[in-house]
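Here's the structure, in structure tokens; my notes come after.
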Amino acid sequence: MRRIAPILALLLFAACATDATPTTTTVDSATTTPATQPAPGSIGPASGFPLTVMADNGEVTIEKRPEAIVSLSPTATEMLFAVGAGDQVIAVDDQSDFPTGVPTSDLSGFTPNLEAILSYQPDLVILSFEPADSPVSEGLAATGVSTLVLDGAQTLDDVYGQIEVIGKATGNQEAATALNLAMQAEIDEIVSDTASSGQGLTYYHELDPSFFTATSETFIGQIYSLLGLVNIADQADTEGIGYPQLSAEYIVSQDPDLIFLADADFGESAETLAERPGWGGMTALDDGAVVELDGDIASRWGPRIVNFLATVADAVKTHASAA
Amino acid sequence: MSQTSTPTLIAPARPGRPALGIAVAVLGVAVLGGLLVGPARIDVGGAIAALYDAIPGFESAHGLTEVEQRVLFDIRLPRVVMGALVGAVLALAGAAYQGVFRNPLADPYLLGVAAGAGLGATLAFAWTGNEALVAPLALAGGLAAVVVTYTLGRSVGGRTATSLILAGVAVAAFATALQTYVLQRHVESIREVYSWILGRLVTVGWVNVLALLPYAVVAGAVLVAARRLLDVLGLGDEEAIALGLNVTRVRWVVVTAATLATAAAVSVSGLIGFVGIIVPHTIRILFGWSYRVIVPLSVLFGAAFLVIADLAARTLVAPGELPIGVVTAFFGAPFFLIVLRSLRRAS
Amino acid sequence: MIGWRQVAVAYEGKRVLGPMTLEVQDGEWLGLIGPNGAGKSTLLRAAVGVVEHDGDISLGNGRRRMGLDVAWMPQRPNLPDDMSVADYVLLGRTPHIGHFGTENRDDLESTAAALASLDLNDLSHRTLGTLSGGEAQRAVLARALAQEAPVLLLDEPTANLDIGHGIEVLEVVDGLRLKEGLTVVTAVHDLTLAGRFADRLVLLSHGAIVAEGTPSEVLTEELLTAHYGPGIRVIAEVDGPTVVPVRRSNDR
């Protein structure tokens, strides 16, 4: 009996430790990202916590698994729901709208109001933007609420990193890792599928009708570069700003093969472009190679960048078949 | 007192051939520069040939590609024409305001036009996000502000020039405060509004030129015709009345014409500052005191000035663009210093 | 002629002139005299529409076109520094030029005549800012003369002129009056000078006419001391009354 007891104890302990119930997610399957349903993460009241994560506001300690998360960043919202932390979210900012059904509130991500945020009694707040003159994270930290600041991603690796951070901070680390792998796989597939059709094609990415654009140095520009596309703004950005303003004359004379409108939500389209003085007759307009982008997908750096890449790949393939 | 022999008859003030010649030459050079220079790098000889060819009845082989022709005729040409038109309007309106208010540093935005137009544009960007509504709302805002200024100035302060200017200051302050409030509530439109406020001739096509043209021509004709009256107004209201001038009506007509043209210009090009002060005042220093000299030369030099400023705006950081209001302010600030120095030396 | 009928003027609610009635015949020279603030300038300003007034002001031909039918030389003119004397006098032709017209040969000739009559030919190209007080005052008068109006209202036309220039200027005006049949009304500080040139004098005090008549009738010690104050002696001479000041205390 003496020898069985420790083994029984060990077995019992092992059984408890691996006991897992699948987490439920509130992600609507119709609007799910191309990544597969997030794998169930381990939940036990104290599994992994307390822990520290590295965010853009430094090291943040999270005492226990957050159950009342407030997200003030539409990208963070998408990431939260994609890693299966949707249940744990009690409020998101007024610009967060994906996936459908997220608890949108009046909270502003641009001008965060400390008191308004605290009225939700959060245990974790995620921001992408902090106004310099009224740092919200300090105020929240003073009241004992953990805050993660996750700035705009500069590279694809930043995106994966942020997903990992969110996964770890919310106790959904495995789901996060799985999501990242799925995203990488999809991206690789799109790239290889497009092969060399995109190599050397020139493009213009319009941020607004006064010709602000993003060069290939920016995050969004790097996505285009995955397919070998060449950004007409690169040689124009002598200052290295990343988001230079071009002139109509320059764009017309460069005559890009593809035009992507990130300002389509504000009414820009192939028709409005044709009305601009000097634009009628441009190659991209004649070939029907003007793509109206979903403004959200083109401006966030969450799991849906895969959708964005797919849209660009479609445009490349259309151009290749038309040639 | 000895009676001298019959004196030679004096000649009334006029610009004189040298001044006019310089003005036309400068304008010509400015226009050519505006047409031939730009980030699209069109061969100068080919461009000149293409322009020549475009004149009805003249032919010339130019060898420009289709893209280059579109850049030259659909982008650069309307832009240069617009620059000349706006520059002429602002300088002319500035000269008119300086004459009517007897203040050599008055500018066309004095009665609240700028603030009103800015408010209209802000509302267009913030409430509708529809760029096509910006120009009409800016025009309406500018005119509304001046109407309010005029009503306030007359009812509250009497009919003097000073009360009008003070009313204009109050209206401008109020409109600006409103504008700031709206922007605070619609933070995402800040960049668009700011870019508009700094002035731009960026997306100009013939449509925009035609929108401004009637205002510019009508108001311009009225103001140029009224130039001698501005000299009479320089004697002060009382003496002008005693000389038979209906001072109130003249002032009203001149202010209305100048304001209408300014509001129309602002609605298409945003707020371009300093032109309305620099150009007429420089002409006054260089060419003479009379508005019969200042007014016509303001039209020519104003047009040239803005075309050159626009050229600088789109070549200094090519292919990006500086807001043209930045360029005019860049010339304007040192100008004020020079004026101050010359005034100090004179007194 | 020019006539004020029951004319009254108030500044900021306080009555400063009238109601008063006064008529000046064609070709007559009327001198307005009176202490400071009596209302002399106000009377003239009302006539050219510069101040609002009750009552009725009329000129001989039934019309009162400012500048054309009546010319005004202000007491405190605006003299733009950069304007030349010739340009300034030319502005006197404004009433003759339509709103959008320009000067014709007549205008240039009238201007030249006005400049010559006030001995301004040598100064015609100087700017107003460089003139002495007296020279500038001659330019202002020249401008009024250039208007060629049948009625001339001159407010202190000799205030800045030395005695010699003062006499010469008034002689010029008188010569024109006789030649063209002008009606002249002057407000002149110098009582003797006023008496020498005017056909008739009107003494104003506190906005009302207190005496009216020939210079000998009005320039009396009794009237003058009553309205100007003590210390005035009037000496009758062949040309007319001479008004001299008398020191109050005589122990010197």
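Some notes on this structure:
Just so it is clear, A, B and C label the chains in written order, and each chain counts residues from 1 on its own.
By our rule, contacts are C-beta pairs under 8 Å (C-beta built on N, C-alpha and C of every residue); 3 or more make two chains touch, one makes a residue touch a chain.
Quick caveat, the model's predicted, so the values are computed rather than measured.
Note: the chain lying farthest from subunit C is A, by mean C-alpha position. When each chain is reduced to the mean of its CA atoms, the one lying nearest the mean of all protein CA atoms is B.
Look at where the CA atoms of subunit A average out and do the same for subunit C: the two points lie 87 Å apart.
Here the spacing of subunit A and subunit B, counted between their Cα centres, is 47 Å.
For the pair subunit B and subunit C, the distance between C-alpha centroids works out to 44 Å. Shared interface positions of subunit C, defined as residues touching 2 or more other chains, are absent. In the complex of the two chains, the subunit A residues touching subunit B come out as 110-111, 208-211, 236, 238-239, 244-250, 252-253, 255, 266-267, 276-278, 280-281.
Only residues 45, 48-50, 65-68, 71-72, 74, 77-78, 80, 82-83, 86-87, 90-92, 94-95, 97, 99-100, 102-103, 105, 108-109, 111-112, 115-116, 118-119, 121-122, 124, 147, 168 of subunit C touch subunit B when the two sit together in their complex.
Those residues of subunit B that touch subunit A in the complex are listed here as 38-41, 66-68, 70-71, 74-76, 78, 129-131, 187-188, 191-192, 195, 200, 202-207, 314, 317-321. By the touch rule above, subunit B contacts subunit C in their complex via residues 1-4, 6-7, 9-10, 12-13, 225-226, 228-229, 231-232, 234-236, 238-239, 241-245, 250, 288-290.
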